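You will see chain A twice below: alongside chain B first, and alongside chain C after that.
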Partner chain A sequence: MIITEILTKETIHLHLSADSKTAAIEQMATLLSEQGFVSDAQQFVSDVLKREESSSTGIGFGVAIPHGKSAGVAKPALAFAKFEQPVEWKSIDEKPVSMAFLIGVPLEQAGQEHLKILTTLARKIIHESFRDQLLQATTPEEILQTLQF
Partner chain B sequence: MEKKILAVTACPTGIAHTYMSAEALEKTARERGISLKVEKRGAMGVEDELSEAEIREAHAIIIAADTDVLESRFAGKPVVKVAVAEAIKNPNRLLDEALAKQPGVKQDLLDQVQQTKESRSAQRSGFYKHLMTGVSNMLPLVVAGGLIIALSFIFGIEAFKEEGTLAATLMAIGGGAAFALMVPVLSGFIAFSIADRVGLAPGLVGGMLASQLGAGFLGGIIAGFLAGYVALALKKYIKLPRNFEGLKPILIIPLLSTLIVGLLMEYVIGTPIKWIMDELAAWLTGMGSTNAILLGLILGAMMAFDMGGPVNKSAYTFAIGLLASNVYGPMAAVMAAGMVPPLGLFLATLIAPHKFTKEEKEAGKAASVLGISFITEGAIPFAAADPIRVIPSIMVGSAVTGALSMAFGATLHAPHGGIFVLPIPHAVGHLGLYALSILIGTVVTAVMISILKKSKV
Partner chain C sequence: MVTQTSIIQNEQGFHMRPAQLFTELANTFESEITMTATGEDDEINPKSILGLMALGLEKGASVTISAEGPDEAEAVAALAALIASGFGE
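Entry: the complex of A and B
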């Protein structure tokens, strides 16, 4: 099981400009739908935003991981973006967000291996060294390499 | 001694926060050399589940969750409870708070009883677990239905036959609707326990057919297991092209499993099970007093043997199932026998106070309340403290009560309620003798315990 099944070069954007959290999520969802991971971007975005309403996914350290289990997702998917300007996310440490992972999981039984990747990613984000590597990466290839686990 | 901390993390989606908060806690604990185990309840199921022993030994428990985490298993333990995000933000503070907690206070009897019940249901596995999922989902229907039927008897035992009366309406609610759902729900939730959501439809339908065919609760149990394993097999072995995969749980499995279960019930299983149920009902209603007493003895002893455990529940389920076939004697015997252990222990603390500790005497009062409410589990703390003397005593008392209840021909139309159903007119047949049978068993238990137990001086 390798990360490229759920994250591709095309779903990584290292210079995204977005003036709001909603705009950022919409643009990242578009990346996923262009690559066929997401079948109904509108549905997916609305499910992700619904999740944000219950509590922000800005987990501090300038990172956010918006995510949704949604009927609009065709297969488990990941998008990664670094923002040109930090985006306000109502994070738990109240700092704006400079990079984000958007996670999509289909409503019906996602494969265990895919979930494993996503949960491993969630665990990694807690570690500063992992976040630093992501921040320093300048090409999609480097990001993919950092995410090989 | 080193303080062991436990934690549980959970979030609604179960993808991100559950694992991030677990990682944050584990990382911080590692850095500070604190012993910590984290249970993760996420989309992949429960990982690193906390065992009963671990919970018992833990100093304190951190709950970082935005969803239910079966909190009742931590009863009596110090708990630090926060939103899941808090563990990501402030793992240090949470660990400090947990370490600073004072050890839990001694629990009272009601907590202990509650806890034993919870841990029992958590430990159930396989066949018994599926059956109990069915039974426990059926019980509310039986209790509501049975008591509503009993209410209709207030107007006279035949009053419901007069159309348009309140008695007839009560009978329609209790008997026509609630009891009619009994076997389908039993069967449906057995299948649900086995195969998850896809089991429910074939299970409900199988149970309904069992009910309509007259195959009763036995047919319902068989239909439930059949439906569960059929649905499970279909879920596992039907492979579809990716595009059609979505049709599986919503169209293909329900259709095929319901069809298979329905046809088997109609053409293969229904008739022989109906025959068994008819024979059983005929034997139970027509049996001579020797057999009746024997059955009462066995059911009574079973009710007391493990006080709410599998043996007790088997006897209870048997009696409940027979309600669906209009056989009411075993129900009476089982409830009476189930009330005796806590009542007998209460009486023992009164007649032989020197043989019990101060706490036990207090617990005896609580046990009396549990006893009159037909909660056999009230006897557990006593039995746990001194099983060799207590369990035989309560088994003998309950067996005597069960046998007497059967011998007196007592009947019970309600499946639960303890002493509180006795005043409802016509709910109990041979009320006076029935109460007497409970009383005699209680005295037998109390005397036997008083003789067997050593003095506490």
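Entry: the complex of A and C
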């Protein structure tokens, strides 16, 4: 899975202002919907939030990976955001989240595609140097460069 | 040290929810626990969810769980049983 095949400059937001997890997911879903990855943002957000209810996607280190397989997704999609203020996410380590990847996968494609994206991201996020690069990046181009793997 | 090999049973493999359940369970044991995808060199600590997700285990994948410490036998048995249960999916 090449992340930069599904993440685009337009679905990266480096100064997102959100006062809640729900607001953050809604705004990130809007980015995906504006670029045609998501056909029904309301449906997608509802599926992602339902997924969050079963267990938080805040995986620690200030990072969250909300995701959903949803009839509202037209094609595999990825958005990335850094938050102006850390967002409470009920993370595993109980710390708020400063950046998030939002993954969307169409219902009919929900098998391994989803796992491949998660795995690819996890293998990078595990490295502190990668997280630092994301935190320091100031343009979408730099984010994309960091994610070229 | 106690070691056991398990096969991933659930359709969607080790995505985030199974990884969370597994990490929670692993953290209830005192022993040092390590996991490898069978045939791979990378050894991860399943008390960290990122490590588990990085293994990218799909259905049918084989995984080796090892534990060393005061509750090593219980730890390996419980974690293998969780995998065998298919995480209730």
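Rule of thumb we're sticking to: the second predicted complex is superposed on the first by the 136 of 149 C-alpha atoms of A that agree within 3 Å, B and C clash if a C-alpha of one lies under 4 Å from a C-alpha of the other, contacts with A are read in each partner's own complex, and residues count from 1 in each chain.
Note that a residue touches a chain if its C-beta (ideal position, glycine included) is under 8 Å from a C-beta of that chain, and two chains touch if they have at least 3 such contacts.
Here the structure is a predicted model, which is why all the values come from computation and not from measurement.
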Touch count on chain A, higher of chain B and chain C: B
First, second, both or neither for A:S55, with chain B first and chain C second: both
Which of chain B and chain C A:V105 touches, first, second, both or neither: first
Chain B versus chain C as contact partner of A:G68, first or second or both or neither: first
First (chain B), second (chain C), both or neither touched by A:K9: neither
Shared contact residues on chain A - chain B and chain C: 54-55, 57, 59-60, 65, 67, 92, 110, 112, 115-116, 118-119, 122-123, 125-126
Complex contact set, residues of chain A against chain B: 51, 54-57, 59-60, 65, 67-69, 92-93, 103, 105, 108, 110, 112, 115-116, 118-120, 122-127
Touch list for chain B against partner chain A, complex: 12-13, 15-20, 22-24, 27, 42-44, 66, 83, 85-86, 88-89, 245-246, 249
Interfacial residue positions of chain A with respect to chain C in the complex: 54-55, 57, 59-61, 65, 67, 92, 110-112, 114-116, 118-119, 122-123, 125-126
Interface residues, chain C side, partner chain A - complex: 11-17, 20, 23, 48-51, 53-56, 58
